[in-house]
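There are two complexes below, and they share chain A, which is joined by chain B in the first and by chain C in the second.
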Partner chain A sequence: MALIRYIGRRLLFVLPQLFGIVAVSFFLLKMIPGDPALLMLGPLASQEAINEIRSVMGLDKSLIEQFVIYLERVLSGDLGTSWQTTKPVMEDLLKRFPATMELVTLSLLFALILGIPVGILASLLKKSIINKFSTYYGLLAGSLPDFWLGLIFIFVFYTILGWAAAPMGRLDLGILPPAVVSGSYFIDSLIAGDWETFNNVVAHLTLPVLTLGLINAGPIIKMTQSTMDRLLESDHIRYARSCGLGEFQIVRRAFRNSLPSVLTIVSVLYSFLIGGAVLVEIVFSWGGAGQYALSGVLNADINPVMGFVVWSAVLCLILYLIVDLLYFAIDPRLRD
Partner chain B sequence: MTDSISLSLNNLTVDYPGYKGSGTIAVKDVSFSIEKGKVLGLVGESGAGKTSIARAITRQLVEPGEITAGEIIFENKNIVSMSQKELRKYLGSQISLIVPNPKSELDPLLTIGRQLGDVVKTHLKLNNKEAREAVLKVLEAVQIPDHNSRYSAYPHELSGGMAQRVIIAMSLICNPKFVISDDATSGLDVTVQREIMKLMQNIIKEKDLSVLFITRDIGLAAHFCDHLGLLFRGQIVEIAPINSFFKNPIHPYSLALLSAFSHSVKWRKVYSTDPQKWSKEFFINGNVPDSMIEVEKGHLVRMIR
Partner chain C sequence: MKVLYLYCKDRPLIGFGYFFVFFLIFLAVFADLIAPWPPQTANPDDYLQAPSWRHLFGTDETGMDIFSRCIYSIRLDLSIAFLGTAVSAIVGTAIGAFVGYYEARGRLKTVFSSFTMRALDVIQSFPVFVFAIALVAIFGQGLYSIIAAIAFVNMPIYVRLMRTQALSIRQMRYVEAAYLSGLSDVSLIIKHIVPNSMGPILSHLSVNVGWSVLLAAALSFAGAGVEAPTPEWGSMIAVGFKNIVTGQWWPSTFPGIVLGLTVFSFALIGASVEVLADPVRRRAAIAKY
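Right, the complex of A and B next:
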């Protein structure tokens, strides 16, 4: 009951939040110098042709008018057209966001699978190698740029050793993508039961997932370790020990209590990576949403950029709602 | 003789080392024995070292605390030299601890039924159904009203008094022989405090428990202890059977405490400290001496003659 009321209250704020995000990014983008009409037609275009294109694109109207027109279109599900791809932005993003989400989700899963056990062990075994490892790992992962690690991996595992698939997108050229269900090739090829495609998808995912996963495991290890450190010294864990509970039960209780902190760091990483994975996407020619938005920015192609902002905002709001529901599931104190 | 003793401390010393070695000696050279079925009250002001003694017995001292000397003998075994594995078999099943601030001592994410059940399952190897029955039984024994629904309550849903009852239930669920109560009622309202004390008194009598009853309130200890020990800056300054203690308190610190806790003017006068007694028999340069003297049978006072 408290839950339903809570979700209701959250949804009430979604529209104002979205409006705010769209407004701020619209006006900020318009402040970037560069005339799309000029860029589209090239330096030799006549003034008349430029004026014509400007009025077709609505660029001759006032900023406020342009914003109102844009909002009306967004509300009807139209994110405009990209002059670079000459396709509706909505159509482009429907292809690219699944690619990004697939990459980011699998990378974070990998980071969790690596980070949580290492964090727990580093906290339990204070004087062990794994504790030292975790300290240096945090430093290293925090200081290495992810795209650089990606380039090194490509050089070692593709160029020298030849183990990895070519860093040219999500599939080999000769292989057709699986029928679209979720948009994630990983899931869709599983659904289709197409093992050849699945294997190829995994081969292409390996290096970028390894890159982003290894970098993002750093903060997850740190958070897990420091929270476990704090909890293992807490009153209720000491009390559980004085009741004679076994070490496994103690660790399980401490970990359960540290889940909210781990969840927080994962949600921060997740929302950051939706746009922040762009350099790794470029290195692996992933064709993701970040890459699409970046090329929009560089070419004064505003619709893809705005479309990306709207999509990211919606995805983040959904993400935070899910995270809040998970907090609810973990901690009974939040339920009333 | 030793077979009638439940737990004894021999020259226990607890140290909290600082960064440069020399730290706080929180408990110094403390010895006492608790006979089976008897209650020893340990009284002292805040910071005297009471909790350190309780935590030393369960080997759960807060960092950087450590036992630097002495023995803790429970049923002819030295707790200080036990392995963690052996210790775990005793804790919660034969020796249990009642703690203050019950709400921060319970796991906030698990129901109390689950927390009690975990303890009884660990020690008595019961299955889920048997554990549930044992939990409901002990919740009833500590007089938690509506215990069937409280079984699935979370700690934050309980009042302080109710949570304290849960902690008492936790300490009883495996039928221990020895119970330590560390300032169990300090965080509670006076009326709730009285109910909890009554409950503990009944249970101690009914189960014939051996108890170390730690408190700041000497009046509270007077009501149901068989022996009384007074802790002052980590050392016992006077320890005696209860009658002997109240009839013939000797150490000036005992007298000061008694007078502070006496409600009637008459008693306050009887107990009030005669400055003559703060003499060099009891203090050497402001410190208590190392020796104790037996003034009556079982009545020891830290002094020199």
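Right, the complex of A and C next:
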């Protein structure tokens, strides 16, 4: 019952936020200097042709009416057409977003696997090297440009050592992608049980995941460490200690209580990476959604850009919704 | 100054951060005297030379000297970052002060406050980097677009920081007293609220400058920022990108190291300002002297 009320209250916020996102993207579109009709037809177009196009595109209507039309279009899933691929933007994005989400999700999983133990150890062993290391690792990882780190990894592991797969997309040229179920090659090849493809997918994932994971482990380490520091000093842990609980039990309990703040930082990183992974995508020719939007920016193809902006904002909203549900699962205080 | 010296004495890395930023500014100011080669003149005879005494960091595919270009980049990158941060801090602080001050003071003003905060929520629900790229796409490529984009995506943080401060300071007795003695809202905000809430804003500034350098370089790397022959770390890394696979590591590596060290230094300074701006933690940090 509490869960339903919680979700209901949470969903109340989603609608105005969605509305806001569409509104902002509409005004961004309107801010583009120049008359879109004129841009479409070129400078030599006759006045009649321009007027005709303007009325077809609804540009002669009031701003409010135009916004309503735009809202209807976006809500029905029509994000316009990209002149580069000559396909509907929606179709293109549906194909490319799984690639981005796959990369981002696996990178964050790696960052968590690396970050949480290091953070806990740094908090437990105050005087150790690991504590000093983790303090500066957070600052350093936040300072290194991820696209540069990716290039260095390519140089070391591909050019010199020859261990890694060529940084050219998600699969070797000769290998066919698995049957589409989720769009993520990692999951789809597992479902198909195709080990050859799976191994190839993993080989291509390794370097980009390593790059993004190492960079994003920084904030996770920092958050885990500072939360654990605070919790190990807290009353209930002191009580547990005075009751004679073993160190392992104590750490387990403290960590259980630090989960909400780790979850917060992960959700922030996730929402940043949906768009922020674009540079690493470029470096590894990943063919993800960010790369698609970027080539739109560089070639004055505005529909893919706006489509991507709306999509990633919506994905962020969904993400925050899931995160709030997870809070509900891990924080018993929210249940009453 | 003395406090800073004592603080850095035990923390050499923080000291390095301050040193490196001053060193960068020195290099930027005297770039014309220090850089051994002109930053934008291609020298086809010397293309893709490995690092040597003649070209400390080597040359790129058009034969431009990477060391000189790295030095000249400081001017551009730091200016973009300083300007972008300054604009967002000034505008964001102003908005935050008014929003915080007017919250729960008369109906219309409350509406204004909550509308601003909801608008911020929406802006922040867009992925930062994509939003910056979209802004550059809309304003057209160019220096001012980059600065505007950086200022815009950074602004919400300052509004929030300042609002929280203004909310609490507004309740203080001396502000009440000033209000009752007939000071107008605007001068109250300027004379009392803003000066008394600079602490958290200052400590965020330094981190923010470093972060803006990173964002500017990232935009340029993506091709939505500064364009190629202009010396800029991000675009230099992009130029050297295709040489990496064939084994010429230097055109991308060196600009990246300088860029990383710069951002790292600003982060170190930010970490120290956070401690030094808080009287209690400052005293604790230098307690043994």
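Criterion: the second predicted complex is superposed on the first by the 297 of 336 C-alpha atoms of A that agree within 3 Å, B and C clash if a C-alpha of one lies under 4 Å from a C-alpha of the other, contacts with A are read in each partner's own complex, and residues count from 1 in each chain.
One rule holds for everything that comes next: a residue touches a chain if its C-beta (ideal position, glycine included) is under 8 Å from a C-beta of that chain, and two chains touch if they have at least 3 such contacts.
As the structure is a computational prediction, the values presented were derived from the model and not from experiment.
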Given the alignment on chain A, is it a clash or a fit between chain B and chain C? fit
Should A:144 be classified as contacting the first partner (chain B), the second (chain C), both, or neither? second
Taking the C-alpha centre of chain A as the vertex, compute the angle to the C-alpha centres of chain B and chain C, in steps of 10 degrees. 80
Which partner chains sit in contact with A:272 here, chain B, chain C, both or neither? Use first/second/both/neither. second
In the overlaid three-chain picture, which partner chain does A:283 touch, first (chain B) or second (chain C), both, or neither? second
The chain contacting more residues of chain A, comparing chain B with chain C, is C
Which of chain B and chain C A:117 touches, first, second, both or neither: neither
After overlaying the two complexes, what is the shortest C-alpha distance between chain B and chain C, in Å? 5
Please identify the positions on chain A that touch both chain B and chain C, taking each partner from its own complex. none
For a test of understanding, state which residues of chain B touch chain A in their complex under the given definition. 55, 58, 60, 62-63, 87-93, 96-97, 99, 101, 104-110, 115, 118-119, 122-123, 154, 156, 170
Please output the residues of chain A touching chain B within their complex, sorted ascending. 233, 235-246, 249, 253, 256-257, 330-333
Per the touch rule, the chain A residues reaching chain C in their complex are 16-17, 20-21, 23-24, 28, 31-33, 136, 139-140, 142-145, 147-149, 151-152, 154-155, 158-160, 167, 271-272, 274-276, 278-279, 282-283, 290, 293-294, 296-298, 300, 302, 305-306, 308-309, 312-313, 316-317
Residues of chain C defined as touching chain A within the complex: 13, 118-119, 121-123, 125-131, 133-138, 140, 210, 214, 217-218, 221-224, 234, 237, 240-241, 244-247, 249, 252-253, 256, 259-261, 263-264, 267-268, 271
